[in-house]
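Labels run A, B, C and D following the written order; every chain starts at residue 1.
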């Protein structure tokens, strides 16, 4: 298995470049008999799709996904599911500048050093466009999780640069709000502040980072394999594998550094866990509480303000990004993070069934208590 | 490959429980012809070994590693390297309490729910004892990295609970100090404060979290495989796979959330990169700069202060930890984190050679500039 | 990695059903910088294509492959290569009979028992149609092998039912003949006999088995990984993974059972090996001699002569195949076998480079001597 | 995963050389709760053990296996199972001749070319000694298969050089006989002929090939993953991965080449399949019939009769094997082949459960009919 596949039992393989004819992928190992149609995947694809507000890039793509195989009479067959999304908006653009220079903060230099040359059109394989197929595959994982275990995966933008939006236990937090604004913000009262911030940022020509929180509810206890493929380790792998991510936390995360043991450990009563510092994972295995992860996204490196760099010839030069770009890539990252979390959970659900189907646990699951 | 193996080309498989006869592992895929002896691995094992100061658990283990295969006349042969560490200090202890209750913050409950029962002696497979073999395998990875690419991997304790120790660009930072105190602290002037803090903590019966920083120098550009097995994603997987870790950052990490693009992007000049917000990885591929990662470790859950929990019978009860435990597991985590980072880098070095041996990059590597 | 992928470093993933919209696949891990165009793959696809003589099924497919990614300006980029072949000849046929009965010798029953139901249109995923994508992926492997190591992979029909066609050391054997007749027969003088046999067979309504021989020339010594992923073990896996294959041999194969050691062992002189009973593999590693493998293909189970079976209701019934079918599936198997052998060799070439790039062997390779 | 591991869900990793301190391995992914003790594995190890009759090598090894982990209070825990067998009979022998020459038919030359040098003591990693650990791991797989699915795996010597011993449907065939003679021959009346043949062979200084048949009874329908990891393809991989194997057949095997479709296809009635040409596998998935495989083993290359070869210096020389060697390696191969078949079946049993646990097949399994 090379680097463009993820998972062991529920395996997703991705292909495609920003400006090639199409992007696509294959989901292998999906259980048979699940109701699945293209429309089930399109909803999340539309949530990720650019050009839906003035706060994201204006590239226009229908992002219509086709299922090419593995579904028969509306149900998965157990055979691999081929996915295809045609690239439509391949503007005939002059790439001579980007071809000759390495944009700071981008993968231009590293691809060139690894492979000797690179497909420079729109970032090629390193473009965020590739994440559209992940969202489609994540949609299949969500169907699988819901049908087999009643798991629900969703997320929201928890920080936009300096602004913390909200948290599940905060007043004003409302899951229903998340899909009703272009920011994936769970608190409608914060929207004016976010819009003002983004308008000023766009005007300045600069970009900013963001933080996304993803939560899985209803995860049964027992998912995750010690000692390397822990559930949290595989979540970290999947989320750090999203473009622009620089950090991943589970539960208390970096906050645990300054915590005392009495504070961090989640005490247990017959009515459930009294807290969830663990983020739903102990010893690499799910506890049955909500699985909670956060990811830090760096500011877009493609900005209108000039930056120093070198060319293919090694000589000093300057680069300025023109054209369509997200001033905050984190804004559209929520559906992508959900997709990656769903893929990891679906994979571990199947892995767990493979090894432990006949196992009788020693007691009924502890109620999840405080998510 | 199941959950107790890590890597694709340089593959490490681990086995063993805290109180079984031995722990051990297998390193497969190591290049042949490298000089290797048990003494090369023992140095890091001794750094990780408990009982070396009053600040860590008093369990006494020689942790002497034996190489059982894969080395002939002092050189690796290309065959798998079998590693074995006998468990010596298996105190005949009364485990009846731990057998009947789920310790909060521990893997007791999750192992029981996953597997139906568990080896409760000293935490069994979930014990930090298992990490000794990782350190041995990491020692082989370090030998491999040094011989094939001149890479050096090292780390230090960057935070102990509320106390930030030092950072590579801080006054007083000294790599040579790290191995001369029980805290892996790089600044000797901070030791009194750390000792006072730990003495008070131990007296209180509580525990605390910590943060470790690991750095790899000399990493050639080009390591890492887009899009899922990015170098940073695999580092996140490996570090989050260490017991008690709740968060992982690369480069600017969570600090990138509040950064502007002009601030974060690492500009390039013919003399090198002007900064290293990227932490040595762009688009999932190494840049040639220092690879910099940080990990957050939660406070030990085994503390002397009583905590609420339930028993195997589901009834409410209380648990108090007696005996030998680290009040801050993060203190001994530095060699473990180095080992995991080294394993990931060795794996990607071999993966890169496999695909890209004949490739000629378009220019000489950019100097690494600011680490 | 689930069952629809093959390889570790050069990884091919396949998807698609006989009567879905398309079949396709992804080749991941291909080295960058190789000249590659769709035409390079089309040649072998045309060799495998049905309907080119009266001796194979009359289903008509253009089998035109599209490369969707991983190639830029005529060269591979190192990114995954997406492949797509549209299904054209999806006759609107009445599948009610095949839907309700299990055809003997087919995968109908086993798919139904494994997955609970099946895509019964034309065999669905178990159709030989899927092998078209393998041939395309094998074409990429051939390009890779030729460019990186000068390896050439080719094959021929060595037996058609009771008729042995020819062997590389036989009088009349001519590689150039293989592609000039519909049987992949290397000896033109045997064609009348083959045609007569097939005409009589077709008339009888029955089918027959076949044997194909594949040979790789120029394989460098050193490919293959002891002890499980031996080169010959991976070849056996790949060839036994072709539809209808029931046996695989390397070198002397089953003939070795009755051989003496003095007869079998390939003695060595400074001018090369004196024989090739080993089929180019010793201890699981290539010797530098020709790699020689043979595969046994069973007779097509879809025949016009009625056979007993049961229906979905478990009741006894009878099945008769109407319509288009190959009376000898082995006839078109040569390009498929070449493709699978090429995929295994390309994978092991990259795996070997990954582990052993810097190795200096103790002597210059022994000449390959007698292939 | 590198070449010394096999399986995806039930994963076995092997290490060790013929004359190192120990050989061993790790079984990962074994379901928890299975009764397992060292004695369960020792039986097959004793069957494989050399030196038990005059017809096999006189090397004396106790081959006592130790379970180092993964078992607690007599049951598997779900954690990896570490296995260790000390090497005892490491005669201090003069290896200077074997160190300087490449023995024909051995892996000496290929290891040297792959890795640059080799552990020449007794064949090092390529020695059949390594298969002892496979037999131990296969013993765990047998326990798993029996407990979870009632599967039984056993085998016998079906050919010794020119002598066909017996077949399951032959008069005189008796499973109970197999373990009561040194040949694994199922027909006691054939023993004098076998003994005479072997005595003459040993006297001549030459060696001979053999064929082993392995059969799994009670395999549930549904195991195996199309299209590459078919059950038969994975069996071929596992059996071809045994030292000295040159061919593998399933069911009718190479006999299928000359069969007609009417003859080969296994017709089905409500009382079961009417034959088993398929060898229990259709479309890569088990049918519920007996899984039947045969493997061809080449004659031992280590013989007392001199053979031509070259030395490390490339110059012509001669080699004569002195000392302890099996004149027919196939004789002791039966337990090894059983182990490899059991490992593949256990792996596919777990893989199948992972993907298809909730699936309801359309009808009750067809009786297996004629094995």
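The rule is short, and it goes like this: contacts are C-beta pairs under 8 Å (C-beta built on N, C-alpha and C of every residue); 3 or more make two chains touch, one makes a residue touch a chain.
Worth saying up front: this structure is predicted, and the values here are computed from it rather than measured.
Colleague: Of the pairs B-C and A-B, which shows more C-beta pairs in contact?
Modeller: Pair with more contacting C-beta pairs, B-C versus A-B: A-B.
Colleague: Of the other chains, whose C-alpha centre is the longest way from the centre of chain B?
Modeller: C
Colleague: From the mean C-alpha coordinate of chain B to that of chain D, what's the distance rounded to whole Å?
Modeller: The mean C-alpha positions of chain B and chain D differ by 39 Å.
Colleague: CA centre of chain B versus CA centre of chain C: separation in Å?
Modeller: One centre to the other, that is 45 Å.
Colleague: If you average the CA atoms of chain A and of chain B, how far apart do the two points sit, in angstrom?
Modeller: 26
Colleague: For chain D, which residues are shared contacts with two or more other chains?
Modeller: Each of 1-5, 8-9, 14, 29, 32-33, 78-79, 114-117, 125, 226, 351, 355-356, 359 in chain D touches at least two other chains.
Colleague: Show me the residue ranges of chain C that touch chain B in the complex, using the header's touch definition.
Modeller: Its residues touching chain B are 8-9, 29-33, 78-79, 148, 226, 350-351, 353-359.
Colleague: Quick one: in the complex, what on chain C touches chain D?
Modeller: My answer: residues 1-6, 8, 14, 102, 104-107, 109-117, 125-126, 130, 159, 161-162, 206-211, 221-230, 232-241, 243, 245-270, 274, 277-279, 281-288, 296-301, 303, 305, 307-310, 312-316, 330, 351-352, 355-356, 359-366.
Colleague: Using the touch definition from the top, list the residues of chain C that touch chain A in their complex.
Modeller: 1-5, 8-9, 11, 13-17, 20-26, 28-29, 32-33, 66, 68-70, 72, 75, 77-82, 84, 114-119, 121, 124-125
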